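In order of appearance the chains are A, B and C, and numbering begins at 1 in each one.
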Amino acid sequence: MGKTNQGRFFEDYSVGDVLTHAVPRTVGAGERALYHALYPARHALYSSDTFAQSCGLTASPLDDMIAFHTVFGKTVPDVSLNAVANLGYAEGRWLAPVWPGDTLTSASEVIGVKQNSNGKTGVVWVRTTGRNQHGAPVLDYVRWVMVRKRDIDAPAPETVVPDLAKVVAPQTLVVPSGLTFDGYDTALSGEPHRLSDYKVGEQIDHVDGVTVEEAEHMMATRLWQNTAKVHFDTSARPDGTRLIYGGHVISMARALSFNGLANAQMVVGLNAGAHANPCLAGDTIRAWSEVLDTAETSAPGVGAIRLRLVATKGGAPFALRGEDGKYLPDVLLDLDYWALMPT
Amino acid sequence: MGKTNQGRFFEDYSVGDVLTHAVPRTVGAGERALYHALYPARHALYSSDTFAQSCGLTASPLDDMIAFHTVFGKTVPDVSLNAVANLGYAEGRWLAPVWPGDTLTSASEVIGVKQNSNGKTGVVWVRTTGRNQHGAPVLDYVRWVMVRKRDIDAPAPETVVPDLAKVVAPQTLVVPSGLTFDGYDTALSGEPHRLSDYKVGEQIDHVDGVTVEEAEHMMATRLWQNTAKVHFDTSARPDGTRLIYGGHVISMARALSFNGLANAQMVVGLNAGAHANPCLAGDTIRAWSEVLDTAETSAPGVGAIRLRLVATKGGAPFALRGEDGKYLPDVLLDLDYWALMPT
Amino acid sequence: MGKTNQGRFFEDYSVGDVLTHAVPRTVGAGERALYHALYPARHALYSSDTFAQSCGLTASPLDDMIAFHTVFGKTVPDVSLNAVANLGYAEGRWLAPVWPGDTLTSASEVIGVKQNSNGKTGVVWVRTTGRNQHGAPVLDYVRWVMVRKRDIDAPAPETVVPDLAKVVAPQTLVVPSGLTFDGYDTALSGEPHRLSDYKVGEQIDHVDGVTVEEAEHMMATRLWQNTAKVHFDTSARPDGTRLIYGGHVISMARALSFNGLANAQMVVGLNAGAHANPCLAGDTIRAWSEVLDTAETSAPGVGAIRLRLVATKGGAPFALRGEDGKYLPDVLLDLDYWALMPT
């Protein structure tokens, strides 16, 4: 098997390494339509050229999560092929819209390593940047994963744990050039609620649920060229189940959040995220949100809302952790992000 | 749940109300490809730019049912979220082709209300119009649904039952500008049969069947941004099944009807339609048609054929109703439409 | 059922007949995205406009298998509706890239007929050519199928067995105009291995597996407008299973072969192919390859590699035939093709 990629192990990462991820990807009208077929996505800015134009953009950009999944998918062969767990995200910012026809590349810098006390695994932190065909960054985020060692006797590297912001400072969020919500039409966007209608601490049950199927999550995950075996091959896990890509749950929950957050249009910051429990075909994904903060931006009529987005596979809304402080078994995702909303 | 849409109830509709449906939608090459992946669609005018150009069009338009489903899907949050049943269609006309890149919006006028004698529900009639980004109407049809009352004690409105045509008069059908079938190539279209080869009363068994899967009907229904719970959430119905969107059956049957009606190219009128029985994943959809009428148009070589299209989930072709006058249990759809066909 | 297509039977084919297959098809950005959703396709030339441009092309062409499936699909109603078995392929050459927006047509010439000794079936050989909207051939291949006779008493035709090349001579392979691998970037393509790194006789286990679902293979097969009943209708085969289109297995195996053959970029020749055993939903498709030959081309930096691509549904890699010379029961596909690779 000398020609095939066995992936990197913990001892293959050194702080400062830059990994150029393979297979640039041109995304366009097809990915856009598939996104709408795979998720109940309805945010008007990503559904309609005319709505996007009324917000000062030249056309409807591709969904922010298409950018995220595409950039993330490219990292899998270099970062997570031998990963035991995807531990967290931080300092994520969307830096420019992705337009149909853009070609995305992805590269990651290793910014931290820490061997675990068991000596069998370690944690690797990478800062991943996605760029378009002009070399302009479209997305930047930190992810850390637990990775197996190839050789248990390999010496532990010097521990470097990066100092990461708990929250992306709202003044550093990037508002797309030209964006304005001054002429924002709430009849067409689907809901009347503006930023001032949301209060910090407010919780919203998004009501709807989607029971997920194997064919859907595999199509989605392949679309992002994420090839981790556990998503596709029933022989990859002892119980014969296929683990659903965590990003599929993110997109499903974000789409479901339209019902109550139709005007949280653009995702611009990723503060934190945890895939709390595995999701499998047959699960019915539901979602609820909590307003964590609001902020101003310098763009006309454009504010920012910080949201906790929780996906569950049942159970009551608004329940997150048990008395032991651990995520409840029905919780799939706990995501902390910034979105742009009309003021 | 103050931020989420609870939908309208019977007493929320008044004759003369105009409902602007949210989330305009740009449709294009991706929706076109997905339509071909989800249905065995083969009508040449919607498959090939060159064939469409040989018929006088600038390019291949999107399938007429893409227009219908997109316009219909937008009405769901305002019209059918609390609907008990979709009762009928009438006076439907396709008014202009939808081209890749067009943005569709949808609005409905309430044209009738009638409370049922049980006092718990009522029937609402709406005339829905889909428009493109130029404001030009692309589709117009009447639909009536049975809707729950929120408050059983709310007073009954004055009954208004609209006077609807049983059939769209053929002289009012709109033939797309420039369309000609004078150079129509039956070798490329797939069948030699022209309008004069079909006789009123003739019945055609379309032979082929498709066993439907959950992933497929959910992808289709999401693509049209139709978010009715019963299609997606196994907990929405007592028996845990997901009801297949009636429009999925329409598109499947229309696509199957290629085999015998390959030259019934463009759907231009919707006279009536009934979703006779629920369709579920695992059902094998088959279709048969009956020729109801033929007519002339003013376009070169272009005639019109009125067809009954029946979808079934088994049973013998050409059986529609039992001795009691009710649809047989295997009948899924009884659709009455006009299509354009070379003379 | 006088209007529907019953398909041709053995006695309907005569050597020299040219069959014009119906329903030209425009393919584009949507088909491209669906191809990436249905298969784990990652070859950089088909994923990225910028990568394709660095190889001298104007943009990323559609995957070579999209051309194959589209051209093949059109032949089904005329060639394989009454086929008992798809027996083989030979002399296949890709003659020009297919670009988004191209419209493909397909025609076949009957080049051989041979009635079987049982008198009930016969073998038909056809040479199929796919052309684009400019009339330029994009693909040419020979296929032979076993077809039922309509009338067992029909006289046997004179036997004509075409003389077919065992291998497409490498000097006749067509390299797309402008293609150069002189600036080929192996960091972006995903693997460092060039033609000189592969040795004749070398075998590569592609490691990954994909468990296939009904919804996926049906969507793929419909996308190519291949309407053979056995792929869609659970009542078409005695055991209620849906037979997966052999081309679905070809595309899945080719995509899986990225892992070890990431630089076998363009498929340009089809020497032979056998669908060894049926594939059904639930099977986990794996693949292995064997290097059969290498050759030069006149294009800068572009060599050719001849590969055997074997798809299995389990079992050990590199096992192909039993002691009886027959394919092992786990073998799905044995394909012999030429691809272009940087030297």
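We adopt the following convention: a contact is a pair of C-beta atoms (placed from the backbone, for glycine too) under 8 Å apart; a residue touches a chain by one contact, two chains touch by 3 or more.
Keep in mind that what you see is a predicted model, and the values were worked out from it rather than measured.
Engineer: If you fit subunit A onto subunit C using only Cα atoms, how far does it have to rotate, to the nearest 5°?
Structural biologist: 120
Engineer: If you list every residue number at the subunit B and subunit C contact, are more than half found on both copies (same) or fewer than half (different)?
Structural biologist: different
Engineer: Counting in whole Å, what is the centre-to-centre distance of subunit B and subunit C, each centre being its mean C-alpha position?
Structural biologist: It comes to 36 Å between the two C-alpha centres.
Engineer: Which residues does subunit C have that touch at least 2 chains other than itself?
Structural biologist: 28-31, 33-34, 213-216
Engineer: Using the touch rule from the top, collect the residues of subunit B that touch subunit C in their complex.
Structural biologist: 28-34, 36-42, 44, 47-51, 60, 187-191, 193, 197-198, 204-211, 213-216, 259-262, 284
Engineer: Which residues of subunit A touch subunit C in the complex?
Structural biologist: Within the complex, subunit A contacts subunit C at residues 1, 3-5, 20, 22-31, 33-34, 77, 100-101, 103, 105, 133, 213-216, 218-220, 222-223, 225, 227, 229, 232-236, 242.
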